[in-house]
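Heads up, the next two complexes both have chain A, just with different partners, chain B and then chain C.
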Partner chain A sequence: MNIILRLAICSIFFWSMTANCQSKMTNIKGGTYTPLYGRDSLQVTIGDFLMDVYPVTNQEYILFVTKNPKWKKSKIIRLFADESYLLDWKSDTIINVNQDLKSAVTNVSWFAAKAYCNEKGKRLPTVDEWEYVAMANKKLPDARKLKSYNEYILSWYEKPKTFKKTVGSTFKNYWGVYDLHGLVWEWTSDFNSVLVSGESRKDVDNDSNLFCGSAAIGATDLMNYAAFMRYAIRGSVKAKYTLRNLGFRCVKDN
Partner chain B sequence: MEKLKTFIGNIGLIALTAITLTSCGNTSEKKATTNASKIAIKGTMKAELTAPPFVPTPVGNRAAKKLIVDMEILEKEGTMADGTTYVYWTFGGSVPGSFIRTRVGDEVEFTLSNHPDNKLPHNIDLHAVTGPGGGATSSFVAPGHEKTFSFKTLNPGLYVYHCATAPVGMHIANGMYGLILVEPEGGLPKVDKEYYIMQGDFYTKGDNGAPGLQAFDMKKAVDEDADYVVFNGKVGALTGDNAITANVGETVRLYVGNGGPNLVSSFHVIGEIFDRVNVEGGSMVNENVQTTLIPAGGSAIVEFKVDVPGTFIIVDHSIFRAFNKGALGMLKVKGEENKKLYSGIKQEGIYHPEGGTIQEMPNNQKVKTVKKKKTLVEKIAAGKNLYTKTCFACHQANGEGIPNAFPPLANSDYLNADVKRSIGIILNGKTGEITVNGKKYNSVMTKQTLTDEEIADVMTYVYNSWGNNKTNVKVSTVQQVKNGH
Partner chain C sequence: MKKSKHLFILFITFTIFISCGGITPKKKKAETMSYQCPMKCEKDKIYHDNGTCPICDMDLKPIKFTKEVKNKNTSISETSIFNLTTKWSTEEGKIIALKELMGKTLVMVMVYTTCKSACPRLVADMRGIESKIPKGLEKNIQYILISIDPETDTPKRLKEFAIENYMDGKQWTFLQGSVDGVREFANVLAVKYKQISPMDFSHSNIISVFNPQGELVHQQEGLGVDNNETITKIINTAK
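Let's turn to the complex of A and B:
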C-alpha cells in the first residue's frame, strides 16, 4: 500500500524526472588537491562519491515535508530552524506565486538539509568534497587558476536575487554537476569547522589550519578572493540559521 | 536607599574630578579624554541617521545618553555615472553610509541588520570604537539576521566606519564605508551650514564611461588603477542640482571622509581657504589651509566662512581624478558681490614684454611677412594641436566634456547652431546656464587668449571632428565677431 502511494506521488511530482524517484546523481572520481587554506603540505584526499546533479528544489522539498511532517513550516522545532525557515512559502506544502517549483529550496537550516539527505539514504557533502567538485569549470577538473572561471564566480556574487533562477540554468561542469556557482550558497556537513571569526584581518594572524597567513597574505590572486567569500558565509551561519540565498544538495558514498 | 547613596557618592566624585580638572591647566584636556569612560549616561534616545550630503542635528548641550543606532545593510544597484550602473553594498542604502552623530560618553547600542536578499555576510568596524576589531568581531552577521553590540565613545573626533569581512578590500571598494562623529562635551562650535562628503575610488570591468551595469574588477583594485574617483558614491553627486549651498557671510563646516579603498585624497575647494581644519579628524586644529590630506580610512573637518558669491569647485587636487575620474563637487554661494574681496575682471589689455612697438625678433633670417593661407587640412592639424593644449582639460580628448560640469563639444547642438556665438564664447568667456544636447550646464569658461588665426584653427578642428557640421571657420569671421559685427 505504502509503495503504491509512493509510486503515485512519484508519478505526479516527478513525471519529468528519472523514474526511480531519486534525483539524478553523477560519479565524482576522487583525487588529491590543495584547498584554499592549504599549503602544499596540507593536501586533501577525496575518495570516489556520487553527487546530486542539481540542488534540491522546492518541488522535492514539498514531497519531503509531506512525508515527514515534523519538518513542515508549522511544525518545525525552533531548535532546528530559526524563524525564517521556509519563510516565503505560502503554507506547509504550497510555495508562493513569485516562487518556482524548479528553483532551489532555500531558507532551510542545516538540520533540515541533513534530515532530507538522510531520508534519501544520502548525506551532506563535506566542505572539502564540495570545494573539490566546485573547482571545475566546463572543461577542467581544476579551473581555479583561470581568470574567466574566477570572474564568473565573482560576478555571480554581485548579481541580485539569483535564488529565483531554476536549477540547471547555469553551466554543466566537468563532472556533470550544475549550479555550484550562480544560484545559491549550499550547506556542507562540516561548515562550522571553518574558523572565520568575522574579523578577517585577525584571521590573518591566526595560525590555524584555515586562513593561515600564507593563504590570506598571498590572496592577491582572484582564486582566493572568490573562495574567501564562500568561507565567509560558512563562518557566519549557525546550524539553525536559514537564508534566502542558502540551499543544499546531497552526496552518497560510492 | 543603597542605590541613592551610590548616586550621591558618584556626584561627589564627579564634582571632585571637575575641580581637579580645572586646577590642572594645560593637561586638563588629556585628563578629560581619559575620564570619558566615567561619564554617566542619562536616558535613552534613538540616533538620527542621515544620507549624504546631510548630517544629523548637532548634540549641543545634551547629556551623554544611551544611543540606539539601527543600521541596515543593503546590496543594491545604483548609478555610478550617466548610463553606467554598479551594484553597491551599502550601510543604510547610501554610499557613503548613514552619518552617525554622537557625543563623548554616549553608550552606543548598535544593531547591524543584514537584509535577507543579500548574498554575503557583513560586519562593521567603527574607528570610534575602543575594542578588538572596532566592533567587527561582534557584528559579523549572515544575510537575514541581525547582531547587536554596544560601545562607549571615549575620544572626540570624526571617524570612519567600514565593513571588515573577507575580502575586506572588495567590501570597501563596493561602498561599505561612512562616518561617525563624536562631539566633545557641549558640542562643536555652532556654524551655519554643515555637510557630509566622502571620497571613494571604484574599479570597474569597463573603463571610465563604459555604459551599462559594470562589475567590480578585482585585478584593477589590486593594481590600484581606479576607473572612478568620486565624492559621495557617484559622478555628479555634488554637482548641478545636487550642489551643496550656502549664503554669503555664512560659515560652512564640511565633514570629509575618505573611504578608499586605495587612494589618498588631496582635498581642496577651489577659490576658498579653510579657516580651520581638524587635521585627520582629530583635535589638532590647523588654520589657513589650502589643501588638506585625507588618508584612506581617515577624515578631516574643514571650516570656512564664505565671503563672496559664486560656484566653488570641490576637488581632489590630484587633479586628473577631478576632471577625468569624477572627484568633483560644487558649493554654490548666493549673496551680494563684494568687489573689495574679489573684483572680477577689472581691465584687460595686450601684454608686450618688449614694449608697445618692437615686435620683430632680431634675426638673421628673413622674416616672412606675408603669411601663406592655410589649407583646411593644415588648419585642422594646427587646431588639434591647440585643442590639446587649451581646451582638452575641460572638454576632454574626444570633446565628450564632463557630465554636469563641462558641456560636450562632440555632436553638440549648441555648438552647431551658431558659429559666431561659439567664437564669441572663446573671445569673451561664458558664465551661466546653457542647455547642450538636452542637458543643463551651469559653469564658467574663461576668455581664451588666442590670436584670431588660432581661434579660426581650433574652431575649424572642433567643427570638423566628432560628428559636428564641418564648418571651416575663417579668420575674417573671427575678426567680425571681435569687432562686434
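Let's turn to the complex of A and C:
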C-alpha cells in the first residue's frame, strides 16, 4: 500500500515537473488589421494561434542545447550563427555571473531560434502575427493610436540594457502576453521579408515600396515611429547574426 | 529464481558486448597506390603503376597522399551550404539534398516563374554569365535557379519554364523547396523577399557563386550589372 502511495506521489511530482518544462502559451484570437507595411490590399488577416507568454529564457535554452548538442556554443557551425553566438555564456551550459537564468536568451541566431521552436513542436511567429499581438496594451487589442502606447515603446528604446531584466518584468498585454515591448527585440520567421536592407536599396525590384524616405512615406501610419524601428531592425539583420538585445519566443497553430 | 535472474543478467551483458562488437570502426582501405620519380624529373607527375622514370630511369617511389587531400572531397566546412538538410525537388521531379550538388561550382539565383519584371532580367543575367564561360569548364559548373514561390512553381512548371527559356540543358537545375526550406535558404544567401500579392513577390536580385565545397565565394547584386567580376570568380573556382 505504502509503495503504491509513494509511486503515485512520485508520478504526480514528475508530471508537474515535465508540465512546467513546456512554457506557458496563451490563445490569440485572429483578426484583420493594417500593419505598417501592408500588401497590395493593405489589410492583413491573421488566424487564431497560440503564443508563448514569455520570451525563451536562458534556463530553457540551456535545456535545449543540452538535449541538442549541435546548438551548443562550442559546436555551432558558422553557417548558422556568427561569432557572438551566446557571447556572454561562460561555457556550453553555464551562463555568466552577471546573467540571469530567468532573463530572455539573447545572442541567438534566427537558425537557432527556429530550431528551438521546431524542437518544441512550435514555430517562430510571422512578422504580421508578432505585430498583431504587439499592438495591444494592457486593455486594448489595438492601442497604436494612443499616445501612451507609443511613448512607452519609445522610452524603452532609450533605456540601456533592458535585456538584463527577467522575463515577465514588463506589462501583461490584452492577450495575456508579457514583454513584447520593454525587454528585447524578437526574431520572426519571415524577418527577411522586410526589404529595408543595404541590399534592398540597390537591387530589390520593388524598392519604391520600402526604403528610407519612400519607406516612411509608404508606411501606413506615419505616427508609428516605434514600429518603423522594428521593421528597420528586421531589414538590417541577417539570419546568422546574433545580437545582445535580440531574443525570441515561439507560437503554435491552434 | 535467483539462478534465472543471474542468467538474465548474463544474457543482457552478453548482448551488450555483441552489439558493441558490431560498431567497432572498420579500418579504412588505403588509397590506391600512386608512384612518383624520386628525383622529380617531371616535377609532380604521378604514375598509377609501378615502373621507372622515363627520364632518369630510376625506380619510381610509392607516395602517400596527405590526409588533407583525402578529406577534401568528403568533409564540409562550417560555412558550407551542404550543412543544410532540406529536401528539394528538381524540374525533373527528382528529390535531392543540396549536398548532392557537391563537387561543382554552383551559380545560384532565386526567382519565380510568374514574375514579369526583374526575374526575366535576372534569368538573362544568368544566361549571360553562362555564355561567357570558356569551353572546357562547363562540366565543372552547375547553374541553379531556386523558386521563391514553391506553391506555384511545381517541378512541371519549372520544366516548362526551362524549355521556354532555352535552359533545359544539363548545366541548368531548377529547384522547388518547401516554404520553410526556401525561407531558410534565402536567409543563407541574404536574399530578402516578400509576397506582395498572390502573384507577385518583391525580392533582392542577387546571384551567388559557391565553390565545389559549398562555400560562398561571391555575390553579384543588382540587375544587368557588369558581370566580369562574377565570371572571373566562377572561372577561378571551377578550374
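Operating definition for what follows: the second predicted complex is superposed on the first by the 206 of 254 C-alpha atoms of A that agree within 3 Å, B and C clash if a C-alpha of one lies under 4 Å from a C-alpha of the other, contacts with A are read in each partner's own complex, and residues count from 1 in each chain.
We take it that a residue touches a chain if its C-beta (ideal position, glycine included) is under 8 Å from a C-beta of that chain, and two chains touch if they have at least 3 such contacts.
What you are looking at is a predicted structure, and each value in this text was computed from that prediction instead of being measured.
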item: First (chain B), second (chain C), both or neither touched by A:Trp110; value: second
item: Touched partner set for A:Thr26, first chain B, second chain C, both or neither; value: neither
item: Which superposed partner A:Thr34 touches (first chain B, second chain C, both, neither); value: neither
item: Touched partner set for A:Thr93, first chain B, second chain C, both or neither; value: neither
item: First (chain B), second (chain C), both or neither touched by A:Asp190; value: second
item: Chain B versus chain C as contact partner of A:Asn68, first or second or both or neither; value: neither
item: Touching partner for A:Thr166 - first (chain B), second (chain C), both, neither; value: neither
item: Those residues of chain A which chain B touches in one complex and chain C touches in the other; value: 197, 199-200, 202-203, 235
item: Touch list for chain A against partner chain C, complex; value: 39-41, 77-80, 110-111, 114, 189-190, 192-195, 197, 199-200, 202-207, 209-210, 235, 238-240
item: Contacting residues of chain B [partner chain A, same complex]; value: 75-77, 87, 116-121, 123, 125, 132-133, 136-137, 139-145, 164-168, 170, 215-216, 218-219, 222
item: Touching residues on chain C, where the partner in the complex is chain A; value: 78-81, 83-84, 117-118, 183-184, 186-188, 190-197, 200, 202-206, 221-223
item: Parts of chain A lying in touch with chain B, wherever the complex brings them together; value: 84, 87, 151, 154-155, 157-162, 185, 196-203, 216, 219-220, 222, 225, 228-229, 231-233, 235-237, 241-245
